[in-house]
Amino acid sequence: MKYKLFMLAIGVLLCALPLLAQEVEEAPPDSMVVGSVPAIPTPAPVTQLSGEDGKNDHGHAVMLSWELSADDRPGDTTSTVLSYEVFRWVPSMADTVEAVRLAYEEADAIMRSDDAPEGARDKRNDLRTRYFDLLEQYPEFYASYPENGNWKNIGASPSGSTTYEDQGSKERLASDYLPDFCDFRYRVDAVTAVATIRSSSEIFGPVQSSGQYFNTGRVPILIGVLVFGLLTLLFVQQARGGKDLYVRPLAGIEAVDDAIGRATEMGRPILYVLGLGSASDVATIASFTILGRVAKRVAEYQTELIVPTYDPIVMSVGQEVVRSAYLDAGRPDDYKEDTVYFVTQSQFAYVAAVNGTMLRELPATNVYMGKFFAESLLLAETGAVAGSIQIAGTDEIAQIPFFIVACDYTLIGEELYAASAYLGREPILLGSLKAQDWAKAAIIVFGTIGLLAANFNWTFFTELFRVTN
Amino acid sequence: MDLFEKLMKLDRRWIFLFLIVVCVLSYAIDFYVPILVEPESQKIYDYVENLEEGSIVLIAIDYDPNNMAELHPMTYAMVEHCWRKKVKVIFTSLSQNGPGMADQAIRDISDSLALDRTYNGVEFKGREIVNGVDYCFLGYKPYYALVILAMGQDFRLPFPSDYYGNPLDSLPMMVGTHNYGDVDLVVDVSGGNITDAWISYGQSRFNFTLALGLTGVMTAQYYPYLGSGQVHGIMGGLLGAAQYEQMCDNAGLAIDGMRIQLAAHVVIIFFIVMGNIGLLLERRRLKREGGI
Amino acid sequence: MKRQLPLALVFVFGLFMVFQYFVPHESSEWVYEFLLDWILIIGIFAVALGIWSLFRVAVDKIKTHKPNWGYSYLTLLGLFSMVVFGFTALNGESWGWYFPFAISALMAIMMIAQTMATTSQKGLYAGLTGLFALIAVVIAIFDPAWSFHFSTAEGVENPMFRAFFDHILIPCLSTMFALLAFFIASAAYRAFRARNLLASLLLIAALIVMLRFNPWLAAVYGDFGARLSNWLMNVPNMAAQRAIVIGVGLGIVATALKVILGIERGYMGKG
Amino acid sequence: MDFGLYLWTTLGAFLTLAIFSFLYKDNPFYKIAEHLVVGVSAGYFAVILWHNGLSPNLFQRLNDGNWYFLWMDSTAPWYLIPAILGIMMYTRFSKKWAWVSRWPMALYIGIATGVAIPLEMGARVNRQLFAIMERSIDWANFFGVGGFNLLDTASGLSQLIVFVGAMAALIYFFFSKEHTGLFGATAKFGIWILMIGFGASFGYTVMARISLFINRIQYIDNNWLQNGLNTGITPIEGYHAGYAVIFWLVVLIVVGYIIREIMTYLKTKEKSA
């Protein structure tokens, strides 16, 4: 918790610092001088300033680090250093470049306005070309150090911190663009409560920034994905070879078939809710597979199916799924385009409409599969009023309790993803369940070893799983 | 069919009706809710209660209109308590929409202070609240972590002048008031992660007494700090606000809301208990019938 | 072509996105951001399909006189009012002929719907459509008080757009949300019965945490209740969440892998 | 409050009560509110998506924000690709060409699932696994920090329960192994932990949900009743409009009853005719 807090705070600080730099610039240092503050001795400068290209990034960033000033002792209220100001040597041509950029922005705005004069577009394009040409020359400008340039405050770090990331934008048209492959030089000032009382460190440089082609901090994830992918392929292959795989029965899934039968007997429709996710949520994609099975069964029994949707893409994919299912069942003529229809993209308006549908159509069965948020209980309770059998499945942890309370069957978290494999009883799909089980077993084993390792201080083992960045 | 059997098969609409009637009635009728004060909010009250006249409390209004319902009552109760005790208050606001909240609170509470009131049997004469004497509103500055750190050196660093543009040294109460060392209590009323910064940048560095006013959903997350002593007291959600109002004997919005909250709660729990008793009786009856 | 190409597209783009995650370089990020824009843009284009579906279902209801068909007019009216208001804005303080325009434009659209819905009097409604459209166009041409805005978002500041948002949308949506207070009560009543061990555990844990917030009942167990409920939230609840998160993570990765590898084709209607 | 605004507020209050009437049963008032809000919200989101989504992400890139230049002189002409893909979605209007719309859909799903794989692996699996390993169990304070205190969430025992509980719950999610013997017993313990967790999180939400209802009561009271009936009286001071709420509720019920009577009368007349 504390660690998390600390990282959060540091993160917030890092984001805020570049902006603070401008803040500091705007207010001249003199206004900070307060008469009643007692005289402060000049603090000791920071030592061992060093910098390197930001690791595992897209470039445009330099990571600086230093040793605390002797007058900055964390926890000691008598220490005088309040913050560290970071300076970079900036060539004077940078001002010209910025001026061209501003001129470009202005020309761009003029061109976009309703009453753009003749030739506005050409003027803008010229400025743009000129600006990009200037950017190309940045390495030369920086190489002219120490001629034709001066030190510029680029940000500040609170006392007690020993690092600062000089991070610029990668967008060439942004005002805080930081060019790659330039020889940067840095200096850090230890600043006291009186901004004029400060001391500068030695100058560090040159250092260049550049982007990397491989993020070494994410190796554990890569290994995880590769191993898990191979396991899945292996078990799918095994299943394809005809190996019989056992799967434990899941009540919620067995209920689906019964529910469709019940609906047919009662002559009432089945309501299938795909949830509030978009088609880019994997939960919704899993739900499509289940919808396909349900629709096929529905087509065979010639029951009515109602699928109100929340997202237009989900609607389009859903229509495709249901149409194919009717085709597979050999009843393409029974398919109606409006089986899957769009309601609205507003959470509670959607719920209002679906709730109304439930009480008017009185479906025999309601199936909720996918992503659900606060509306879960609104839907499930209304469904209970309508007397429908309800089957739910979601991976949203906060909503599972409500479904458990209000529905007859609930697929908890991972079971939703297993459901599509279960319903088909196709060996290929079941193969991946086996892979998931192996992965869980591996997690239990690694977790146990890791806990032991933490207790015996075998940090090397824990570090194997650390993901940075 | 006895009562419990009926209850077991009760239409939910009776529950709804019951809930609506009870809620609307408890909103309309001003009845007394005995509020049990929990130690974590009692501690804050006691601390303020024991402050001497002329002490200074810093209240950080770090919430926006979204969390107003839960957090505004806390601010109202605390500030009124302080001012009635002639304790001075410094307001800051490290969330963007905070100044509006603070401004509104200051105006409303000043109006209330103009009236004679009796709280907990003590009579307080109405008095005028003067900017610079009774309070100072520093205003809003972005990058809260840096502001919190800078205020540890001197309030004048981040806020050379107050929200209304007066230089701090021109305000009588700020003369000689420089940093957290001159403040007796810091209260952070917040609906977001600014609280984390107050703990890790403010309290753990400058070691002042910190009290928190939080939304109900956040409360469980900050209990560990109570145990470690970093936080002196916590007011959690509407309940915490109501407790503070109760201790001050100054019923306000929180106790108003508490009446409904309480009524609804009792109704829900009543129905749960009845349902379970009904279940038990039914089971016993089935067993008896099965035995025969 | 019809079935194989989509699968190939899923495979190629999916695999690219998987490995892009491990390449922080600018060029890889550029492609990543560009592809995410594809998703966004395809999604927004599809909104027209959604609106079309909503429109057609409403018109169909009116046409076949399904139960409650009359209310469908309200849906259409609400939908197209927002569209008309959202793309027009006043140029100054004066309303000018804005309301006559808005009403005739809306009527024109409603008459289109009516023409589609009616079976017998198509000619009449088509004529009315033309008439209202003509009025709207004439006002639009000659009235300087307001204008259309498609490329900039002035319409969002239109007072009528704001009023519909503040006084129709917000009250309805937040009331719908507030119904939860009742549903949570009835769900608790129905489900919190100690039928078996699992139901009892659910009931007891919920009651402990609920009672902690009740000012009266808190008197019975005071501080203990607060600590117990905090313990429940931070220990067993934390364990449950951790397990579910891991399980869901594996489920997502497995499903996504199957989709990319073409093993699971359910989303194309092929299981 | 000026009259126009008062009318709008009355509409808001009416819709609020209309939606609450759903608690009794489905009725004409609810149907009015429901159908209206579906239309208005769909229109609202269409407009917002146009202005905030399509306009900056596509049009401004293709035509530099100016409608008349179109894409010919664009600085980012490659944005024609998603535009074409988006238009391909419209082949769904034709039966013959509908299959073309599968391409953008396939791209959509391919890109989305590809993004999800490493992201979910990292955020859910790796991160949680690391969180399990990161902290050693506090053996020194096994029964609570500074003394015997079983309810201390930082105690070694609590940490151990979190670990064991999470592992047992994971075992519950095993699909390909029968839940029997020791394995079954652990899985059973796992489902207990899950249920306790669900119960706690349900109980934690109750209070927040009731606050939503309080908020609605205050909306009707402060924004509508007090402003409309007694202008000039501030919401907090003196006047308690709760009685007025009851009054209006009664009025609504009576009016609703009369309307219902009329409707049934008309229906029977229709039938007899």
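Per-chain numbering from 1; labels A, B, C and D assigned in written order.
Simple rule for what comes next: a contact is a pair of C-beta atoms (placed from the backbone, for glycine too) under 8 Å apart; a residue touches a chain by one contact, two chains touch by 3 or more.
Only a predicted model underlies this, so the values are computations on that prediction, with no experimental measurement involved.
Trainee: According to the touch definition, list the chains common to the neighbour sets of chain B and chain C.
Mentor: Where chain B and chain C share a partner, that partner set is A, D.
Trainee: Could you let me know which interface, B-D or C-D, is made of more C-beta pairs in contact?
Mentor: Contact tally favours C-D.
Trainee: Going by C-alpha centroids, which chain is farthest from chain A? Tell me that one.
Mentor: That would be chain B.
Trainee: Quick one: most central chain, C-alpha centroids?
Mentor: The chain sitting closest to the overall C-alpha centre is D.
Trainee: At what distance in angstrom does the C-alpha mean of chain D lie from that of chain C?
Mentor: That gives a centre separation of 9 Å.
Trainee: Go ahead and note the Å separation of the Cα centroids belonging to chain B and chain D.
Mentor: 27
Trainee: Between chain A and chain B, what distance separates the C-alpha centroids? Give it in angstrom.
Mentor: 33
Trainee: If you average the CA atoms of chain A and of chain D, how many Å lie between those two points?
Mentor: 19
Trainee: Hey, what residues on chain C touch two or more of the other chains?
Mentor: 18, 21-22, 39, 42-43, 46-51, 54, 68, 169, 172-174, 176-177, 179-182, 184, 186, 188, 190, 192, 202-203, 207, 210, 213, 229-230, 233-234, 241, 244-248, 250, 252-253, 255-257, 259, 267-268, in rising order.
Trainee: Among the residues of chain B, which ones contact at least 2 other chains?
Mentor: Residues 12, 16, 20, 216, 220, 223-224, 237, 239, 261, 264-265, 268 of chain B each touch two or more of the other chains.
Trainee: For chain D, give me the residues that contact two or more of the other chains.
Mentor: Correct list: 19-20, 22-23, 25, 31, 33-34, 37-42, 44-45, 65-66, 89, 92, 102, 105, 108-109, 111-113, 115-118, 120-121, 125, 129, 132, 152-153, 163, 166-167, 170, 173, 194, 198-199, 201-202, 204, 206-207, 210, 213, 215.
Trainee: Please give the residue numbers of chain A that touch chain B in the complex, ascending.
Mentor: Contact set of chain A toward chain B: 1-2, 5-6, 8-9, 12-13, 16-17, 19-20, 23, 31-32, 34-37, 74-75, 77, 82-83, 156, 158-160, 193, 385.
Trainee: Give every residue of chain A touching chain C within the complex, in rising order.
Mentor: 56-59, 170, 211-215, 218, 221-222, 225, 228-229, 232-233, 236, 278-280, 282-283, 285-286, 288-293, 311-313, 315-317, 320-325, 327-328, 338, 341-349, 351-352, 360, 374, 377-378, 380-382, 384, 395, 397, 400-402, 404-406, 412-414, 416-418, 420, 424, 426, 428-429, 432-433, 435-436, 439-440, 443
Trainee: Flag every residue of chain B that touches chain C in the complex, lowest number first.
Mentor: 10, 12, 15-16, 19-20, 33-36, 38-40, 216, 220, 223, 237, 239, 242-243, 258, 261-262, 264-269, 271-272, 275-276, 279
Trainee: Quick check: in the complex, which residue numbers of chain A touch chain D?
Mentor: My answer: residues 3, 108, 111-112, 116, 121, 128, 218, 220-222, 224-225, 228, 245-248, 250, 279-282, 285, 313, 316-317, 319-320, 343-346, 349-350, 352-353, 355-356, 359-360, 398, 400-402, 404-405, 412-415, 418, 433-434, 436-437, 439-440, 443-444, 446-448, 450-451, 453-455, 457, 461-462, 465-467.
Trainee: Can you name the residues of chain B that touch chain D in the complex?
Mentor: The contact residues of chain B facing chain D are 13, 16, 20, 23-25, 27-30, 69-70, 216-217, 220, 223-224, 227, 237-239, 253, 257, 260-261, 264-265, 268.
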